[in-house]
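You will see two complexes here that share chain A, one where it goes with chain B and one where it goes with chain C.
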Partner chain A sequence: MSPLSLELGLGLLGLVLLLVESFASVPRKLIAYAAIGGLLAALAVIVSGAAGSVPDSLKEFYVVDPLALFYKGFAIIATLATIILSLEYAPIIHQFVATHPERTKEAGLGEFYSLPLFVCVGMMVMASAVDLITIFVALELVTVSFYVLVAFMRRSAASLEAGVKYLILGALSTGLLVYGMSWLYGMTGELSLSGVAYKLAHWEGNSAPILFAVGLMLAGLAFKVGAVPFHIWIPDVYQGAPTPVTAFLSVGSKAAGFVVLTRIVGTFLTPGSVVAGPVIQILLILGGATILLGNLAAIAQTNFKRLLGYSSIAHAGYLLVALACIHTGGLKMTSGEVAAFYLATYLPMTFVCFLILSAMRAKGYGEDIASLKGLGRANPTLGLALAIALASLAGLPLTAGFMGKFFVIFATVLEGYYTYLAIAVIGAATGFFYYFKVILAVYSKPDGPSEGPTPDLGLLSKVSLAVFVAAILVVGVYPDLIRFALVK
Partner chain B sequence: MEPISLTGTVLLLPLASALVIMLFHGLLKNVAHLVSTGVSIIMFGCALIFLGAEDQPNGLLLYEYLKVGTFTADIGFVVDTQSRGMLFIVTFIGMLVHIYSLGYMKDDDARARYFGALSLFMFSMNGIVLADNLVMMFIFWELVGVSSYLLIGHWFKKPEAADAAKKAFLTNRVGDFGFMAGILILFGLTGHVSIAQLQGSMESGALNHIRDNYEWIITLAGLGLFLGAMGKSAQAPLHVWLPDAMEGPTPVSALIHAATMVAAGVYMLVRVYFIIGASHVTGDIIAWIGGITALMAALMATQQSDIKKILAYSTLSQLGYMVMAVGLGGPKEGMFHLYTHAFFKAMLFLGSGAVIYACHHEQNIWKMGGLYKKMPVTFWTFAIGTAALMGVPLMAGFWSKEGILAVAYPEHGHGNGILFGMAVLTATLTAFYMTRLVVVAFFGKARGKDADHAHEAPLVMILPLVVLAFPSVLAGYHFLAEPLQALVPNHHEGAGAKVVMGCSLVAVIVGFLAATRLYRNADKDPVNIPLFANKFYIDEFYAGLVKYGQDRFAWLVTALERIFVDGLTVRLPAALASGLGSWMRGLQSGSLQAYTFVLGLGIVVVVYLAVFFSTKP
Partner chain C sequence: MLENYLPVLMQMLMAAGFAGVTLLASVLAGKSAKRNKMKDSAYECGMLPLGEAQPRFSVKFYIVAMLFVLFDIEVVFMYPWAVIFKDYVAVFGAAIFWWMLSFVGILLVAFLYAWRKKALDWSS
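Here is the complex of A and B:
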């Protein structure tokens, strides 16, 4: 079986589910379950190693290497988690979608459950894409689906505003990316990354046009991953978008950006490349600025979703620095694998936070940090899970988050980038401050005397919560679990 | 049975018992004591068979616990005379204490918890005895600390008991720190922790070389290990926890704070004697600390009025004896005294338990009196124990005390006149305070109504006393000591031997006569020496040290922390960060045009960096 058929299959499933949504009146939950079933099947194929390879004729555009398989699995898990999260969040979606919420029961939900499948397909293709056109098409499939998802709650002004901002700024960045790509093609005459790499390594003559192209492309991708100063859209969009979409954006969209970035940076940094120096320079400067700004700005946040937005910016900074550290032989991982590891640790902790945020929201709580007060007592399980996830985001030892940061920091040491080592450490220390502020809220007394309803989760969410928390703790002591999946 | 399955059973069975009892505490409420006691009897059986096991120069491997590179630390067993004999003592006394506790703890609400902790203790103690490497010994060392904590604090609702448990644990921490340092030094020097390997290295290897050239390192390691022993065996100045530990149930005092756990320190010193003996400085320090502890504790014991406290100080004093013997180059003498002392001291404690039980938990000897008629069996066994402890000729304690005095006698290789004098004085005081205890508690007329109504303890409590009476008399003789694999010291000959014998006899007689004269028919203590009664004010000194030393130091450190750590390195950057954060938050105006502008600016910067600013990072 070719992995391409997985992507086609999931895409087909998404189309069928959209049609079912339009023409059949089945309970919308079934659509979600069908999507979950399809994703689980695809995950099983990938994990079992039955994904196989692609014919030689496709290898110019599409490769199946461990990194690609890893990111495909990553995309599927992120999508699964998003759909489960959506089930939890359904009442709120419905409230802001339906014209008459009390009359129509499940308006718009089916669409909301099936759209993530298209994002997933885009991400999976992207994981394998080694050709500028393929990369671009896959990236746009992801981005366009996200435009819809972000603005999905059409009766919520915040959601619409977020959608518009994301659309306009996203279009701008896409333009930059394509412009950069076309310059690159114009200069090298190549579309495949291997061809570009060969040309870069044997470049003679003026390198300024190439560097111009590289700069534009990096700027475009920096937008996708939310690096400073292209992060500007993140806080507003994260806060306005429906919570499951925010989670998906912060994990899925970021991972998509990074898989492309990994491939493209790998091409730029090919041995002997004329652009290697400036590319590392840009990555480091953007990464350092992102770590600092993401962490510092997070301190002042009072809204938990927005805090997670800044947190996601800060994490992107670590990922960029990781990509810049190419001499990571001491870690027995390439820089791309360090970044992939980091993303894999980032996924469970972020989803745990968003799962609990959704549970709170569904019971009518606000999204402020203050509204988390008393959670530790009202539902100790959720409180503890959130505390673990936050500790992991901060990078407490024995959690997955520590391992991710550890590898990145180690990589900077191996390279001798001591400035960025200092920045990374300062950022991590700052992180402790604001993440633990949230933990403090979880375990402090509620302000008001009134006891609200106890936040709780459905069965599927509970299972995924348990899996994620277990993953955080297990990877925290046994990082090889992920490294084995990465480094075959 | 194979030795490995014997030792495995002895180690794992009590663990299983402890786990089962602690996990199914509520369910097993009414059978837990039987489970634990049954296990203790099986262990004793195993230990008996084990007495016949052959020496294993390479030890027995149960489980490879830790392996890093070439370094290993296993759960492995050492099989030699010392471990076989010690295992016998521990399981024998353990079994008797279990049986005794069936009676003593009959009406306790938390009996199951008590027996669970007792099983845990047996597991830990057996681990120390059998450990063939220092890491394993340290692990079980700590486990003994934990189970001792649980047992001392068994009546944790009583603040004194809770405090005593805490005190024992914390004081032991100080010692454990030294133990660990000692282990680490040895590990750093040789790269392994197995006792057999270390011994080999000391004979002809790295340690041998180091001893010849840098003896101070060996001294340091030996002193570290000794610090551990000081904690567990309650040597001055870390002795303060043991008297307080008497807050625990009396059978616990008998098992842990007389016969086994406190003996662990001495046992360990003898195990690593090749390190201690390698440095004169270590030996001297150990001997002096032991001697001082012995004398000081004996002085304190003369002025106590709580029956268990007297025995506790007596234990301190005897432990000091053993430690002194080890320091003076007589590990066998030390172990031999440990062996005899275990029997009679356990019996004395159990006897005091019977008295306390009979007098409705009255522990003040001045409120007892005249008990010899009401509790004849207790009295006679107690008297035998007292005679043994005093060192009355032909009793078990006589032989072992004799051995220690002989080691201290100046004629002996490391002997020392002053220490010998102190040891003889201690022996005199021992005879004195034990006679005092017996005379006041068992003779005269009853001085309280609890003592008036006292009657003999039940059979399960009497039985262990009677059983223990036999070794208290006979343990010193070869026909018993040899099959029980005690480390019997070589007989000392020469002119010194007669002097030692003479001093020992005079000490017993003087002490006995002085005490009978003073205390016969006394209704209250005719002697009053506050310095001894208040334990040399050492607890007060520590309290003062904490109050005036530590608290002031803490105040200074807090002040420095507030200014430098809190202020300059935390609050200032935090304020800066928050300020920056607020400013950055302000950048996020929400206006799309502004965002687009920032984005455009970013592009310019990146392109500039890419095209015009190309230095190596």
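Here is the complex of A and C:
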């Protein structure tokens, strides 16, 4: 079985579901269940190791290494969680899509359940792509699907505003990335990353055009992952987009950006490369600024989605610093694997936060931190889950988030980047302040005298919530669980 | 080190210079006559301007334009395919036919979707 057939199969499933959505009047939930079933099957193939390899003729464009398989599984899990979240959030989507919400029942939900599949296909191809054009096409599949998803609630001004902002800045960043790629191709005459790496290692003469290409490509990718100073769009888009899409953006889109960054930075940092020094400097400065700004700006936030937006900026900073630390032999992991580990710990904690946020929103609560007040008493299970996820985001020991931060900080020590070590520690300390502010809200008394409806979750969401919380706690004690999946 | 960037500097100077000279020329050569209200009004084939400068268009126009681009791009791929089709089939067999068919199949799904969602129905 070729791993490409996974992508083709999921893409086909997405197309079939779109047709079912438009021609048959089945309950929209069935479309979501079909998507979940397809994703679970694909996940089973990857976990069982039956994904196999690709023929040699494809190896210039598409590789299947442990990192690729890891990110493919990551993409599938993120998509699964997003669709489960969407089931929870369905009433809100319907309310803001339908022309007459009171007359229809499930307007727009068919597309909302099938579009994530296309994002997933794009991310899976991207995990394997080692060719500039393949990378670009896969990235565009992800981004274009996200444009639609972000602006999905067409009767909500906030969602439309988020969509327009995301579209314009996304187009700009894509332009920067492609322009950089064209310069790189123009200078090296190679499209495959291995070819580019060989040319960079044996470069003679003027390196300024290469640096120009590198700068443009890194700027374009920094937009995608939300690194300072290219982060301005993140808080507004995260706040305006439908909550499941926000979760998908902050995990899926970020991971997609980082798998491309890992491959491209790996090419730039190939031994003997002419641009190795500047690229490490750029990554470190971007990462340091991102950690500082993300964490400091998060302190002032009162909206929970916005706070998570800034938190995702801060986490991108740690990931960038991780990519810059290439001498990580002491950790028995490469810099790309440290970043992948970090992302794998980031996924469950983010999704727990957004699951609970969706459940609250579907019951009519607001998205402010203040509206979380009383959750710990109204539904102690949800309150505890949220508290664990937030503690993990902050990096409390014995949670997954701590292990992720620990590896990054350890990598900076191994490299001797003490300035960035200090920045990382300052950022983590700041994180404790604003994440624990939310935990404090969860366990404090509600402001109003009357208590609203108790937030609750459906069965699928409960199962995934339990899995994610268990993952946070187990990985916090036993990080090798993820490391074994990465380092084979 | 820095002299490596001389071409970049030259290109930037050229770009800025061209834009600057053009703007300067239009300031110096144009706007020299006296202004009056008639001259400053919008010119519309000698008619008096009617309505707003930015009227609202029906969203149908955008949908049609989008579908046009979709199926227009399809032909961009089909042209080179059709050109090499005969030679390729003679050497490698019919695989090339099925590749294009799968591509057109994906577009067919898009077409069916658009049709079913009444995107092609102008009167509704």
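Worth pointing out:
The working rule: the second predicted complex is superposed on the first by the 488 of 488 C-alpha atoms of A that agree within 3 Å, B and C clash if a C-alpha of one lies under 4 Å from a C-alpha of the other, contacts with A are read in each partner's own complex, and residues count from 1 in each chain.
Everything that follows uses one rule, which is that a contact is a pair of C-beta atoms (placed from the backbone, for glycine too) under 8 Å apart; a residue touches a chain by one contact, two chains touch by 3 or more.
Small disclaimer: the values here were computed from a predicted structure and weren't measured.
Of the two partner chains placed around the shared chain by superposition, neither chain B nor chain C is touched by A:Y198.
Of the two partner chains placed by superposition, A:F410 touches none, neither chain B nor chain C. When both complexes are overlaid on chain A, the residue A:F212 reaches chain B and chain C alike.
In the overlay built on the shared chain, the residue A:Y147 is in contact with neither chain B nor chain C.
In the superposition on chain A, A:S22 makes contact with chain C only, not with chain B.
Using the contact criterion defined above for the overlaid structures, shared-chain residue A:Y443 touches neither chain B nor chain C, since it reaches no partner. Within the superposed three-chain model, A:P235 lies in touch with chain B and out of touch with chain C [touch as defined at top]. Contacts of A:I280 after superposition: chain B is touched, whereas chain C is not reached. Common to the chain B-facing and chain C-facing surfaces of chain A are residues 208, 212.
Looking at the complex, you find that chain C touches chain A at residues 4-5, 7-8, 106, 109, 112-113, 116-117. Contact residues on chain B toward chain A in their complex (touch as defined above): 574, 577-578, 580-582, 584-585, 588, 590, 592, 595-596, 598-599, 601-603, 605-607, 609-611, 613-617.
Put simply, chain A touches chain C in their complex at residues 15, 18-19, 22-23, 206-208, 212. The touching residues of chain A, counted against chain B in their complex, run 164-165, 168-169, 172-173, 176, 208, 211-212, 214-216, 218-219, 222-223, 228-230, 232-233, 235-236, 275, 277-282, 284-286, 293, 296-301, 324, 417, 430, 433.
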